[in-house]
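Per-chain residue numbering starts at 1, and chain names A, B, C and D are given in the order in which the chains are listed.
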Amino acid sequence: MKLLEYQAKEVFRSADIRTPNESMVTTPQDAVKIANESVGYPCVIKAQVPVGGRGKAGGVKVANNADDVLTLASQILGMSIKGCIVDKILVSQAISIHNEYYLSVVLHRASKKPMIIMSPSGGVDIEEISKNRPEMIFKEEYDFILGFKDYTLRRTYQKMFQNQEEKVSYKEFKGFLQKLVNVYFEKDATLVEINPLIVHNKECMALDAKILLDDNGLEFHPEFEKYVTSNAEETLQEKMAREANLTYISLDGNIACMVNGAGLAMATMDTIKHFGGSPANFLDIGGSSNPEKVVNALRIIASNPNVNAILINIFGGITRCDDIAQGFREGLEKVKFDLPISCRIIGTNDEKARTILKEINIPVTTDMDEAVQNVVKMAKGG
Amino acid sequence: MKLLEYQAKEVFRSADIRTPNESMVTTPQDAVKIANESVGYPCVIKAQVPVGGRGKAGGVKVANNADDVLTLASQILGMSIKGCIVDKILVSQAISIHNEYYLSVVLHRASKKPMIIMSPSGGVDIEEISKNRPEMIFKEEYDFILGFKDYTLRRTYQKMFQNQEEKVSYKEFKGFLQKLVNVYFEKDATLVEINPLIVHNKECMALDAKILLDDNGLEFHPEFEKYVTSNAEETLQEKMAREANLTYISLDGNIACMVNGAGLAMATMDTIKHFGGSPANFLDIGGSSNPEKVVNALRIIASNPNVNAILINIFGGITRCDDIAQGFREGLEKVKFDLPISCRIIGTNDEKARTILKEINIPVTTDMDEAVQNVVKMAKGG
Amino acid sequence: MSILIHEKSNVIVQGITGRDGSFHADQMIQYGTNVVGGVTPGKGGQSILGVPIFDSVEEAVVQKKADVSLIFVPSAFASDAIIEAADAGIQLIVCITEGVPVNQMLKVQAYLASKPNVRLIGPNCPGLISPGKCKVGILPGHIFKQGNVGVVSRSGTLTYEIVYSLTSAGFGESTCIGIGGDPIVGTDFIDTLSMFNEDPQTESIVLIGEIGGDAEEKAATYIRQNIKKKVVAFIAGVTAPPEKRMGHAGAIISQGMGTAEGKVKAFHEAGVQVASIPSQVADLLT
Amino acid sequence: MSILIHEKSNVIVQGITGRDGSFHADQMIQYGTNVVGGVTPGKGGQSILGVPIFDSVEEAVVQKKADVSLIFVPSAFASDAIIEAADAGIQLIVCITEGVPVNQMLKVQAYLASKPNVRLIGPNCPGLISPGKCKVGILPGHIFKQGNVGVVSRSGTLTYEIVYSLTSAGFGESTCIGIGGDPIVGTDFIDTLSMFNEDPQTESIVLIGEIGGDAEEKAATYIRQNIKKKVVAFIAGVTAPPEKRMGHAGAIISQGMGTAEGKVKAFHEAGVQVASIPSQVADLLT
């Protein structure tokens, strides 16, 4: 899960990481009040959305007085940025900047350690830095026993701050990195990013903040519960799936699919494409054989108006095929739709499943390729 | 270095470890003021001395009112406990106790890890527990990567609190241990001990506190500088040696010795004893060849009125023997004393050294046993 | 031979009294796996499915010479269960549990680095099977057949799909391992490829990858440099959109990295044939 | 043969431009040690004593095939210097520096646990010498003579004292190692005893211990169970008072543990003769 800037900065402040003086508001009136009473002028109005590129989209503006704040806040609130409607803005103290740095702690799969990525050429996307000025990106591994190693970090420190007007001491720098790593671990994050980081009064300060949380860690962090629903950029179907505890991802195509297992679900999508079709979703109903899950899954995929045909692909192992078929029968009773169905079922109790499906007139095959080829034909109206 | 109770508790409070409400004072008047204004009644008056056994010596008393405080504080201040004059007392809130626990984090040489030692039978010395109720002592290793391991710590937690009226949650218990370990590392301690620890309002609280600091870590902790002199239980000679940056330890005997190297210094003491003598001190002048060190060393050993004879034992390696002899000549000019000297010098530049010593009429041998046997005879007036 | 597990493996199940733990312990026993006990703290001394329950892994190791452990405990306790098994001297730890926070796994990996004799498979994996000899995990035993193909996969059901088509085409497996769908797993493709390379029973290898990370790219380089046996690959997720987690925590294309195209290209450059759809794997192996 | 260092060891000195570093580098070169360079960050490209200075240990390893490093940096930087050497692939690290905080050494030890090919000697030690072949440390080379006695000690000058008396009595040394006087050291008595046991040049062993800790007690047990060669011991500190640190950070009798009596008793029980005074060691060896 991705935290919005203002949420990430709340985490930062509780970890003693400096940020500008600022507050999140939801109305232009509150924005003016905050600017007048605590933040002061000039200040920056920043759209709070879970997508990148808000600056280019006009979602970040500087205000010099109360009139500016009212005008700009009114403009930005309600704005649509990459499909997200802005309903929260941050009113933030404007800080003078000598240089913009980039700093992040990120899960590094190859080394199996957190990696600290740094650059004195921040303020733009890290992908842009790595494309245009790769020599300005410095990396430090975080060791679980030693933390930072001075013999490498001192060299990086020198590269980060050479030729800079204002710099922090090595001790302050190392301490700041440690705080960032502490946030990474304490919050079960997979990314903690500050871009830009600036040096202000010889101390590091986070002008922006991005935190990606490990979904597997959320159960240990009730403090983020309130953000779970509000930050999701999700389609109606994705929302329904989240509430039904199913893994569903919306795609552009017209063939809905329902599969058990994430790998097989992906492979099913790929096979649809291979035979000339286009998948409407990724949907993993998991290993359990709960018929209720199948009913919910059917309700979700049928609610997508783009869908022309439905593919069921079940490889029964732990999953019992007859349970799936039973859920399917219930689903067809409860969910009303008029779409052709191609069904492939094989594995544990597949004979029983076929009997059930025959009763409700759903044609079944044991061959995945055949089922996929059939559904592709169906979707084309064949 | 050992921190006094009130100093250790200051460290605890800054690490968010609960202690009773209390203050250190140096006069009975201040004790009354503190008791009246903040600590309240009943309260405990505790002598602050760097030695154990203050309770048995009458250095800890409960006061129920201001009169008590005045009387008891007056009694305890100025008291001598194992040779230490009490000049500081702690006025501490008296807390009702269900059970006294023992808890410490200590450097464990064998496992090369910090070890947490716990017992539900605290309030007495850990040696006493391990002698009388060894089955009530529980140990947990602290791992540098994982911290505490739940699969062992949960078992220990159950043993610690079974049959206890008031207990803390496992989460609180683990968090408390972690705070103690944090103090251990952040302060470069070799021991952090709470005895007794109690459970008060479902939280852990430290009624007493003992911290041993690693002398090698002191340079990183300017916050302890103010304590370095005030806490030392040292003889006049030890004080002089500390100020001169020499390692000196007072002993009961009458043969002063001056040696280069700690191992050789110990072996010299042992050899004195082997030949029937009794060493007056341990003194390592170190590997440097600075003559000034030799002058200081001579001044210190000569200031001990118990000394009957002096043994010099120098094995020159990095140490240059002529520098030692030169320092010795200077020392004899500057320091006035009338004691027989036995001298053994061998190694780098020993010929030059012998020439210098011959000039000032100090007999020299190259054989350690011979030098020791001579000094033993000298000390016996032989 | 086969790799990692065989007829003489002494297997225990951590979390044997749970719903999934007991079900799959039973399945394993029926398959012929030598399950010597289970571990559930507080239930030591009892028994289940005809095998004893112990309070700790250590007791199971001492009393039953357990050398393989299968973990079914809830995600909040899984990393601690792995540590307990490793400390007790278990040599092969298979963690089925899904949903373990990735930073916990980072610490587990760092801890295991100083225990070179301990191998972890998973978490979030279906386990492994040496058909006809031993099954440690949740794989449906009846679809496997003893043979000469080594199978290694990041997926569960997709593996069964491909194994089923292999079996239909007349192939059998030496050992089939699901290494897990999380970003950080104990045993990776390279570890497994290296073992298959040394295993006399294994004549060819099927590698089933998916989007996310660069495990497949590294495997491709390793195959080019080290593997003498025939390798056929399949990569799931050609149609997966970027920045979306496709079920598995590790299956995400992030900042343009980890695409199926990149992985397929890496395999082609290493001279490895890549199937476009699961059913092609058997064809390419022939 | 000798142990750990020999004619072909490629030695570097970390902190070679410091007062002690340059002095002892010079002494080592004069003794015949193959000093291939030094490390002082910021002075790379310069040279001293006829050898090049590098900015990092890694450069010295790459360019000069350094495999042994001697550390002379101040105590605040010593543990980091050890880590740098270990990361760079140095196989034998000898840390002379005194005053390293013990908890820093705990972390260094935990880190080195996952690098089984790296051996640390020290800190707070005089180093080691294989007489006539190589000297890495601050020991006065001229008092040693090539021979068949392996010497291992927690002390510095006391070792020289005993070696001197051995030489006077006609003995010579295979290798002499000072393992250091701190509570936590990289290489202990047992490691060294085991190497001496395997070394064909070493015919008998002198162990010089002192009060504090239980390294001697453990060594005694190890000797009884494993060592076939003659061992003579000396323990310093029979007259040391309790709870006082006798110069070395590790030399302290604490809560009745670590006394000389206990150590002597352990050796006697292991059948090891213990000298009462240093000069007796040579007698007992005869």
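Definition applied: a residue touches a chain if its C-beta (ideal position, glycine included) is under 8 Å from a C-beta of that chain, and two chains touch if they have at least 3 such contacts.
Everything numeric in this text was worked out from a predicted model, so none of it was measured.
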The chains touching both chain B and chain C are A, D
Comparing C-D with A-C, the busier interface by C-beta pairs is A-C
Averaged over CA atoms, how far is the centre of chain A from the centre of chain C? Could you give it in whole Å? 28
Distance in whole angstrom between the CA centres of chain A and chain D is 55
Mind checking the centre-to-centre distance between chain C and chain D? Centres are C-alpha means, answer in whole Å. 46
Per-residue multi-chain contacts in chain D, two or more chains: 107, 110
Touching two or more other chains in chain B are residues 144-145
Line, ring, star, complete or other: which one describes how these chains touch? complete
Listed in rising order, the residues of chain D that touch chain C in the complex are 113-114, 116
The answer for chain B against chain C in the complex is residues 143, 145-146, 149-151, 154
Quick one: in the complex, what on chain C touches chain A? 75-76, 99-103, 106-107, 109-110, 138-140, 143, 153-161, 164, 181, 183-184, 208, 210-211, 213-215, 218, 234, 236-241, 244-251, 255-256, 260, 276-279
Would you tell me which residues of chain A are touching chain C in their complex? 107, 109-110, 112-114, 127, 144-145, 184-185, 188-190, 214-217, 219-220, 247, 249, 251, 259-267, 269-274, 279, 282, 284, 287, 315-319, 346-348, 368-369
What does chain B use to touch chain A in their complex? 144-145
